[in-house]
């Protein structure tokens, strides 16, 4: 049972122009991942791109690992070029995971952020109020799966091509302001672009809600060794009990943090 | 009609463990190559390997270019990894070519050197006494083609697994020493490892024969710009008519040189 | 320097021309010395009239044979070369190569070197009197035979002497090409400026070595060679930025430029022009694609003039934190 | 040193152990500081008992927060880092990290730094009195706050002072880790040797920069960072060879080692041991594969002892030809 293993690609399916679903079959016994954890995937056997890239576990089932990814730069382009039966090296599962939700919960996904949240929806079926925002209807990937796993789903797109036009955080705010549900017991789980998380953080501050978000940083090692991937986190000083910030590693202490701990710049 | 063009791979067939036959369809109109010329082939679209690699034209026919290559290091391994419908950039045809043989001629191929000589055999059918040496029978690639295009064929292998056991230059020497043919009018065309060419050179010196050999050097540009690929060549000084050596470019003034001109170290 | 963005969609193509020490280039993309021969070698692949400038292979007073082979070897995302500055010599260049280049509207920059101050001065003199040479680029990454074979460009005093001497010899724009194999490139560029350079070009190659482990021998016959190509680009961009902070004269940046985006890194960091070297070997039409790519970038960003992005790097205050 | 080849097929496995300043390593492969955390992070991937030595992340007297992010960015066949030497501080290291490392039979080398001579000396003192540290590696690629933030390792005088001061403080083997950002690495290694270093390690990273062209900003928050990985290997091998010609103390070579063949280049060029850095990120079991690969190479070459290949590079006479 190793966290460094070879895996065979058995699927690398385009979902739209930029999103792909990668299916891997590990060639040795692996650890079982929890929702929120991630893997470092090798994108090429050449020296360019050199470093592995981090991707959240999207699905683990019957000995296969699935990842949902968006083509952004060199690494993901290379990954997209890999074909059936190619073999890549993988490290994982890495990092912490989303804490277990108490009863129902709110999930907020921005774009590819759905990749990280879907395993949570899947483990706690029909418990989530899902808020899912994307650029356009085409980029609302895995919508049917998400709907079938959630209690309720609210959708926004930047261009209004599906759901409401606008920001998903605005819809969430309205939802919380509506007296339809008592939300105080609901924890929020989020993954998406930084501005979305930041906005969420201020909403939660306002409403006194607890929110766990998955963060991203450039990573080199993924295992806590290089200190490349840090984030400013408020911590109690154990000696004099004062508050101070320290840099914690997204790959090790994260990627999931309680947003109240994050020091926003 | 350009010497820099894209080409689609339509075949990359293993002939044995290390030898492959690459078939390209140029995606634009190209110049027609002559026997002895070469092309710079891109091995990867990544930055590693960076430089193109030189390969002799093996066959040009009906709009396709064929190359016979041996897997040696990074570049050729990468090339071997390319598949159907991959597209690569190509520069060529480059360099000079074998001068036209007068009537019958002798061709001496060492291993993969057959790649460079076969187009000559093919253009001047049944005119060649071919001397073809290789490590073993497995590496005597394209033997049937070579036989059908030559007047006579002598074979050696290092391990005796086909033809005579030993060096092809020894067999050539015996052939020349035998009074069976008047060889003085025969020109020799050669491509193979350096020690073979050097030995040939001394045989030709002895017998007063003219020998044109194709040379190899590490190349960066292939077009005469970098001066990376030079070889020491004897040249007449045009001013004072003395002999001196100069470095000439294998990619531009070569790859084919009259071996009498070469300054051996 | 702020970034101006023109409000409306740009109708006309952006201005790409830049001025290097009085020399007007139609665009900021030139060839790097030693990688483009004497222009002729690539003229079937590239319309030489489209280039910002052509920098020819390094020239010396007396023709040079160069080093034994192997002279080149590939390294990860780069290559080492130890050509040994083989060249036909200035006389033969002027007689045999320059007439071809005079056919084009593109400025010709003659890169040259010597192994003594005297040789530099005489080389600069001969080149300056030739018709069709628009600027000189002095390669100072060569050992000085009069000073224990110390490389000119690594010793500030020797460097000052040789630049000042050449400066007195020529009225042509004088570009000094710096060696990256120094502790403080900003300081060296200042020395060059103070000694009379009209412009700085950098970086030349970084010295490196590859070992053939089976034979226990260096792969290159010359033992060491100069590293070029994408591998060195981050070092080159950093050095251009350091020089930009140190001098007022224009900078020509190079080192691992393969694409327009790479070239733009140098321009933003402070280079007024760039040179394309190793990339020519990989893609003979690289220079043209880079020019087109820069133009496209400007248009897409709504910029009307390349000069708006030169030195436009936004940095906060420098801190002295540990690297 | 000639290459001895044992005639008959080798029965027993070749000796891999080397001696660095009195420290016996079971094999010449160690980890490079800052790329292997405090050992623990990779202990599930690598049997730490199999390593030649463990070099831990750079330590300072006072814990350091490090730089803002982004701290890392990939470059062609390499990466830049500007971690800013974030570390828990020597006290916390000794209390919290060292006990774990003491479980293993592998020597622990503590890499440390300071921003003043005083801080270096006190750091060396604290580390020397701890149980389970077998050697010190001094990182001198840090700016000196008492001397205008000049990097210790780029100024021979300051370098001499800080090494000599640390030398007086510790009885442990003292490895000085050189900065490659200098004009003459051979000279700098000589200064380190004369100042009391027991061994030299090199190279540290080469300063570089990547620009985000859309935002006109450096990608790294720290503007510049240190280039590591295969891209720099030719430079590192060359520098190891230059140092090998300059000093008599042992050399630990590093810079872009990914495979056993890469490591062998360094050993042949004169390194008595090697360190593996960036490769750990790419392949967490790289160190072990390199050890196995070196052993296989020796066996296949019929060599019985790693020491036979150290410094075995065959070079003809050096000439002073132009590069």
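Worth pointing out:
Letters A, B, C and D mark the chains in the order given here, with residues in each chain numbered from 1 onward.
Here is the rule we go by: a contact is a pair of C-beta atoms (placed from the backbone, for glycine too) under 8 Å apart; a residue touches a chain by one contact, two chains touch by 3 or more.
What you see is a predicted model, and the numbers here were worked out from it, not measured in a lab.
Under the contact definition, chain C and chain D share the contacting chains A, B. The chain with its Cα centroid farthest from the Cα centroid of chain A is B.
If you compare A-D with B-D, the chain pair joined by more contacting C-beta pairs is A-D.
Separating the centre of chain A from that of chain B, both taken as means of CA atoms, is a distance of 56 Å. The distance from the centre of chain A to the centre of chain D, each centre being the mean of the chain's C-alpha atoms, comes to 36 Å.
Distance between chain centres (mean CA atoms), chain A to chain C: 46 Å.
Across the assembly, chain C contributes 76-78, 229-230 as residues in contact with two or more other chains. For chain A, residues that reach two or more other chains under the stated contact definition are 47-48.
Viewed as a contact network, the protein chains are fully connected, with every chain touching every other. Remark: chain C residues 3, 64, 67, 75-78, 80, 82, 84-85, 113, 115, 141-143, 145, 149, 154, 181-184, 205-211, 213, 215-218, 222-227, 229-235, 237-238, 241, 256, 261, 264-265, 268-269, 297, 309, 312-315, 318-323 touch chain D in the complex. Interface residues of chain A facing chain D in the complex, by the touch rule stated above, are 2-4, 42, 47-52, 74-75, 89, 91, 217-231, 246-247, 252, 265. The residues of chain D lying in touch with chain A in their complex are 34-37, 41-42, 44-45, 57, 65-66, 68-74, 76-79, 81, 83, 86, 229-230, 258, 278, 280-285. The part of chain D that touches chain B in the complex is made up of residues 76-77. Touching chain D in their complex are the following residues of chain B: 47-48.
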